[in-house]
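Consider the two complexes below, in which subunit A is the common component and subunit B and subunit C are the respective partners.
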Partner chain A sequence: MLDAEFFRRWMTAAAASVDREADRLTALDSPIGDADHGSNLRRGFAAVAAALEKEAPGTPGAVLALAGRQLISTVGGASGPLYGTLLRRTGKALGDGAEVSTEQLAEALRTGVDAVRTLGGAAPGDKTMIDALVPAVDALGESFAAARAAAEEGAAATTPLRARKGRASYLGERSIGHRDPGATSAALLVAALEEAAGE
Partner chain B sequence: MSDGELVGIVLVSHSAEVAASVAELAKALSGGGGAVPVAPAGGTASGGFGTSAELVSAAAASVDRGAGVAVLTDLGSAVLTVKALLAEGDELPERTRLVDAPFVEGAVAAVVTASTGADLAAVEAAAEEAYSYRKT
Partner chain C sequence: MLINVPETVVADALRGMAAAHPELAVDVENRVVVRRDAPVAGQVALVSGGGSGHEPLHGGFVGPGMLSAACPGEVFTSPVPDQMVRAAAAVDSGAGVLFVVKNYTGDVLNFDMAAELAEDEGIQVAKVLVNDDVAVTDSLYTAGRRGTGATLFVEKIAGAAAQEGRPLEQVEALARRVNEGSRSFGVALSAVTTPAKGSPTFDLPAGELELGIGIHGEPGRERRPMMTSGEIAEAAVDAVLTDLTPRNPVLVLVNGMGATPLLELYGFNAEVQRVLGERGVAVARTLVGNYVTSLDMAGASVTLCEIDEDLLGLWDAPVRTPGLRWGM
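And now, the complex of A and B:
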């Protein structure tokens, strides 16, 4: 079973990973975006880590709700409301139990990913974070390691795609050949989940 | 009509200057729009380009007179931030609507319509209709 401490470890690991990879995320965002993805997410997840330390919410759902709210209010770019919605909706779907099963987490994450799809209007294949998140949620039933691998694979597979959402979509065919920064950061978030599980 | 209270307008742009200027422009072009509560929410809280959920919430609260608040945005994170705040339920005043409209033309139409004492649905419809004004 996964308790609030597990979810705090997830968010802390995500903050550390985003901090380490911020320059790479921003570099990916330079040719097809506005070169702020890494710095925006670094600021957002630093705020998440600080808020969790200060408030120490006692349930998995409350940890993710707080994290999501922080991302919406501190990121400043489109990834803020998108990741914020992912975590808040996932947290809401987890309810207020003190512990949740991996199956419950997988189901709640699917609800969260659906909310992101509704918010941003993106479908698989549009070259967005959805391309990493959907396969990750599908593989989560198997293991955290399988989810990480699926997210990474999904992010890598965005390179040949033509962007259909967000600023990159204005570039049309010129977006082809660049790996999507949002799918890349989504894969980091899923990898942090495996890290939190200690697998 | 809504008990004499005017609908509030919030203008959300990635740029603080764009939001503030469009607010000024809309008020100037609307003649009688001086009484309409209009608030810009541009850029990030630290003064950069982007969207600040806090600035959007504060702007919406500042123009809420009880008749509803119409929010117009430019693009990308401005749209997504407002949608996410609306989905939260308690971050924006009751009867706050994201309006699907062109930013400049929609702002002018919204402020002019609001200045007549029109209700939120009429303000929203006027702003949306701005899409249909072709320039060629």
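And now, the complex of A and C:
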């Protein structure tokens, strides 16, 4: 079973990973975006880590709700509302139990990902974070390692796609051949789950 | 770059703005720029915002006759809902607030969230989306046309209507009409360097230009060998006129992207006026300068807005902001 401490570890690992990879995310965002994805997420997840340390919420749902609110209040751009909604809605779906099962987490994440799809209007294949998140949620029933691998594969598979949402979409055909920064950061978030589980 | 560290460029600029413009209340910590006399009794309040890097848009357009408040985000990044709610609460006189939102995914999502939160606090909120950039043609498969130069027309004309005391639904309808009558097209002669990255966001060799660029350093739709000012004016005006057939006189904005000298912009305007004359488009007013910029990008955009007598009167009405000032 997964307790609040697990979810705090997840968010802390995500913050560390985003911090390590920030320059790479910004570099991916340069040819098809506006070169700020890494610095924006770094600022947001640093705020998440600081808030969790200060408030120490007692349930998995409350940890993710707090993390989501922090992202919405600090990131800006499209990633702030999208990642913020992902965590808030996942947290809400987890309810107020002190522990949740991996199956419950997979179910709640599916609710969160659906909320992101509704908010951003993106479908799989549009070259967005959805392309990493959907396969990850599908694989989560198997293991955290399988989810990580699926997210990574989904992010890598965005390279040949033509962007249909977000700022890269303005490039039309010229967005082809570039890996999507949002799918790449989403894969980092999923990989942090495995790290939190200590697998 | 003339900065201290990339992390503080926005806060540093706001502190400098506060020092230069005592008529504005600049909240550096919460990133809100407000007219010092707000809320103004009986007047609808206009709130806009967006990523930083487009100065004087939006903070430089705060003042009597234009915006009531502006929310600057990080460079090229939409502000967060907390800023917009704070701004709305500071300027609402009870007559309601109009959010002026440029059509980018981030801006739309954050302003939508802010509108909901502000309404929860009892503030009446209307929104107008600015989407004037004709370079984005395939709107079914993109995030839709971008908001660029027309933002200035919307903020000026709706701001004048609010200053006259017109009610929220009228100010909103006017803002929408200005946007619908406006189209823009931009050209870059150099790429843009953001403080976070420190190097150009795309590679544009000397001797080439990008047609159909946005205002965030995103590359355009097409790259060509360098053209003359006259050829660029023809390309830009004709691109705008493929999507706008003015039967009335137009407002013209010849807008610099940040690194193109006024000498070149005025020369470019002469060519734009020539092409408009050849295409039979009557010009009511022209504004030339750096208004909706993209950091250190060289290049220019052309925005046309079809107007009538009412809109022209509102355009000519007095305005007093750091970035646009006449009649008062």
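Rule of thumb we're sticking to: the second predicted complex is superposed on the first by the 199 of 199 C-alpha atoms of A that agree within 3 Å, B and C clash if a C-alpha of one lies under 4 Å from a C-alpha of the other, contacts with A are read in each partner's own complex, and residues count from 1 in each chain.
What we mean here is this: contacts are C-beta pairs under 8 Å (C-beta built on N, C-alpha and C of every residue); 3 or more make two chains touch, one makes a residue touch a chain.
Just so we're clear, the structure is a prediction, and the values are computed from it rather than from any experiment.
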After the overlay on subunit A, what do you see for subunit B versus subunit C, clash or fit?
clash
Quick one: subunit B or subunit C, who's touching more of subunit A?
C
So, A:166: does it touch subunit B (first), subunit C (second), both, or neither?
both
Taking the superposition as given, does A:174 touch the first partner, subunit B, the second, subunit C, both, or neither?
second
With both complexes overlaid on chain A, does A:80 touch subunit B (first), subunit C (second), both or neither?
both
Answer with first, second, both or neither: which of subunit B and subunit C does A:47 touch in the superposed model?
neither
Subunit B versus subunit C as contact partner of A:88, first or second or both or neither:
first
Please indicate which partner A:31 is in contact with in the superposed arrangement: first for subunit B, second for subunit C, both, or neither.
second
What is the contact status of A:183 with respect to subunit B (first) and subunit C (second): first, second, both, or neither?
neither
Of all the subunit A residues, which ones make contact with subunit B and with subunit C?
34, 36, 40, 72-73, 76-82, 119-120, 166-167
Can you tell me which positions in subunit B touch subunit A when the two form their complex?
44-45, 48-54, 76-77, 80-81, 83-85, 87-88
Sites on subunit A touched by subunit B in the complex
34, 36, 40, 69, 72-73, 76-82, 84-85, 88, 115, 119-120, 166-167
In the complex with subunit C, residue positions of subunit A that touch it
26-27, 30-36, 38-40, 43, 72-82, 119-120, 162, 164-167, 169-172, 174
Given the complex with subunit A, which residues does subunit C contribute to the contact?
6, 51, 73-82, 104-106, 109-110, 113, 135-136, 138, 141-143, 146, 194, 196-197, 201-202, 214, 216-219, 221
